[in-house]
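First subunit A sits with subunit B, and in the next complex the same chain sits with subunit C.
Coming up: the complex of A and B.
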């Protein structure tokens, strides 16, 4: 059975009937939303005054370059097996030509690096190779970090450690809105993050910034319902937090997952690639779990790297992540930067806006 | 017979003879194993030849194995060309250490698939590769068939307004093999669609509006659409809502970030027909065991352009050419 689009078409009609006289910029925070709406060809069927802008919800895109460099360097020592979510493998760092620029290249040079899709695979690998240090390079948002916390809370083999590059989503949105140069009229909040952390986490958007917000799922129906909601709110001048994914998202979220996160990790300031330090937006292991921190177990080279932490020259990923540029407004898009030869992380990840647009058939702007 | 294949099974001596006589010959209808070459008789018509190598990992997957798959692959290439497949040749590359029981199972399955498709394996060769120099078992098959010349007429006969049909749900084989690899710790009830498509192709051959058929294997349905667009110089429009995709396949694709339109099928046919005969073709397919879920999925454009997918909410997006291997999604 295919998804039923009757309800989605109904929302689309109702959006078409709204008296939207001026351009309204709506940011979809989550990369999964960007993927869904690009796959649906939604931008082409919305009223011209409704502008959809992709947001910072791509964990691969915002993973700090120096964390990635550390993971590559550690894997290249040959002393460990490094596991990471598959998306991370091809993300390039700012290494000089001829040096290893990604985990995939490190793997080709003989480093033992394996893509995984769930924390249990890291546990299973460590358990079956007890003499071999296994390092789990865990980049991701709350949705992937909560399972990492659960993994540690359940107990892991002593030879497993975690190189954590986990981020909280809402603080980056908060910082973007506080900066005052976001030029956004409404937001669509990420459904899976809200399922873990609670819809109410996004209440700060109407409260502090007087902007409409709605939590959405990933179907056409849920996305269009959320879009209709924020447009209505905007027209009425009465912004509030709406939840258009109530079948999965409770106002308080998944309390068990939150308790696990709070037990195993503490919230810290954290660097976002190309954006800078966002206060209270990262996680670090705490208490008895500190001993599973790869940073405590292994020596990481303190050698200064040229252009460490910066975006590659000419790459507009940071502006794309912040919704200040559309992917095809980057001058590297489709020219120097393609999925086969990515320059920036947004062209690598399935949740990166550039990669999604490329997959959706958008080629370099003429 | 030993339990494991050793290099001695490839040495030309007693063990190799045992391998051929005990495993291959009985499963393949006892072809003449003494002759250096086989004589074949061919009926009247245009002789069609195709060849294909099979390396699928793992050798067994839900819905099939490399033995049956390699017959289906070659037979299907002949079938979509309008030919009646008649003969096969088989080269088997076997890695040292392969279990004889597994090999026996794969060759038996190959023999059954050949028998069901009405083809005979008339010549063959076996080689044993040292451990580490092969991936278990590889088969390479050449197929010979005969067809009525010019039927179907081929890519050059495709005209603007022609319709595209697909004989069943797409992407099952790709997902079934991926799940069988267990790289992702996912379980699903997706079975490969691997099958002989000869009944499907035969059903369309009498239709005068039939232009072209192809089996969407590597690269999937989207890649066949691109091949048609490239050859004709015309754009193609596909209706997403009409393209059959199984719910279980769609679910795994959603988790891993794959697009089923780019995943391999091994028992489907894409056909292009004149618009006035599209319904007749659809009816013919839907009456067949492998065609119950067949659908008219799109049409050939009037002008040059990309392959465009019309989405169920009235939007559209360009289906780009397959460029990369997809990776599992991060969250």
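Coming up: the complex of A and C.
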């Protein structure tokens, strides 16, 4: 870290020299950024007028309750092996007392549910058990969804299907800015999403909303360079799209990955847990890949759910995801809700702001 | 999930690469970048088992230093 810190120190000094007379709120929209900012302790060393906000950067946190309930119900039938990224297993849903509230609880009741860390593990599992239906419950942003598209395009065993809960990052930011009630002055754009989709995808922020934006990587150096850029843009009153992660992010992104996404999936309106439907923010399988859609292969119960789409009572995850509250402003933080006993998804996922703040040492509500 | 890990390519067989980072070896798919884009000894940024993009040895090293820092803090 030594070299990075030397460079980072230079950026910190330059930020410290900026005449920031009024508070400036800078939002990141990536769990990886939030983790770096928190673990590196950057909030503690920036000028007091620079406020770092965590925005919609956690795909697990916004995975709709309906999808989780469907995955749980399907796994409990005993007819399938369900695989999901490990983060998903402990996410709780609203359920009556005594009912199964998470995939982990379903697993404890005997459902065949297995955590995976890569789509190829789902392929391998399906290939080694050709008579057994394997369902890949796939939540994630573009960085995860493009690999799922690649997996399907390359060819998968017929007994593998996908229960897709994939989301695009930028439409949520667009909706937030269009709503007019986002208290933010600048954005740090997600480095690895941009590596796939292209830095230019974030050009709408200065163009449409006249706000500064910079794509950042995950080192202190890259994050502080991006922060310096957006603060300078703000002070100059000339917002533009900057790229402080050019070593990995091209303006056009990874064209091959985008082509795979476009071939296998189409963009749809999608529900975000606690937030509602965000236009053109989800994916569905298209064309010949529709037959790998788990929703086309299995009966899902049409039972109405009382609080479908909502966060658990008292949980401020939706406000935290939208950057309207900091994690420690939730009244459950650190008391009713901890990583050992999470109430909301933001305390479960490695990319959830609450979980990241807890790991960073914030152990009580503000 | 968005956590990218820089790895070095050890062997390539079509779209499948054996990659290594800090002594840990993993199978990595090259399907998202194309099999002719990388060679043995190159570095790639890996996400959920897929190479996202080729990277320079220098960038890979800096990314690993960041991980060491975060892991050290998280392990305390």
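Assume the second predicted complex is superposed on the first by the 362 of 366 C-alpha atoms of A that agree within 3 Å, B and C clash if a C-alpha of one lies under 4 Å from a C-alpha of the other, contacts with A are read in each partner's own complex, and residues count from 1 in each chain.
Here is the rule we go by: a residue touches a chain if its C-beta (ideal position, glycine included) is under 8 Å from a C-beta of that chain, and two chains touch if they have at least 3 such contacts.
Keep in mind that this is a model prediction, so the values were computed, not measured.
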item	value
Which of subunit B and subunit C A:260 touches, first, second, both or neither	second
Partner chain in contact with A:248 - subunit B first, subunit C second, else both or neither	second
Which of subunit B and subunit C A:59 touches, first, second, both or neither	both
Touched partner set for A:90, first subunit B, second subunit C, both or neither	first
First (subunit B), second (subunit C), both or neither touched by A:339	first
Contacts of A:195 with subunit B and subunit C, given as first, second, both or neither	second
Touched partner set for A:117, first subunit B, second subunit C, both or neither	both
Contacts of A:50 with subunit B and subunit C, given as first, second, both or neither	neither
Contacts of A:146 with subunit B and subunit C, given as first, second, both or neither	second
Residues of subunit A contacting subunit B in one complex and subunit C in the other	1-3, 32, 39-40, 59-60, 85, 87, 117-118, 120-121, 140-141, 143-144, 192, 220, 350-351, 359-360
Contact footprint of subunit B on subunit A as seen in their complex	1-3, 5, 8-9, 12, 32, 38-45, 59-60, 85-90, 115, 117-118, 120-121, 139-141, 143-144, 192, 220, 224, 338-340, 349-351, 358-362
Subunit A-facing residues of subunit C, complex	1-4, 15, 27, 29, 31-34, 45, 47-50, 52-53, 55-56, 59, 62-63, 65-66, 68-70, 73-74
Interfacial residue positions of subunit A with respect to subunit C in the complex	1-4, 30-32, 35-36, 39-40, 57, 59-60, 85, 87, 117-121, 140-141, 143-144, 146-147, 150-151, 153-154, 190, 192-193, 195-196, 217-221, 247-248, 254, 256-257, 260, 350-351, 359-360
Contact footprint of subunit A on subunit B as seen in their complex	183-186, 241, 245, 247, 256-257, 259, 306, 308-320, 323-324, 326-331
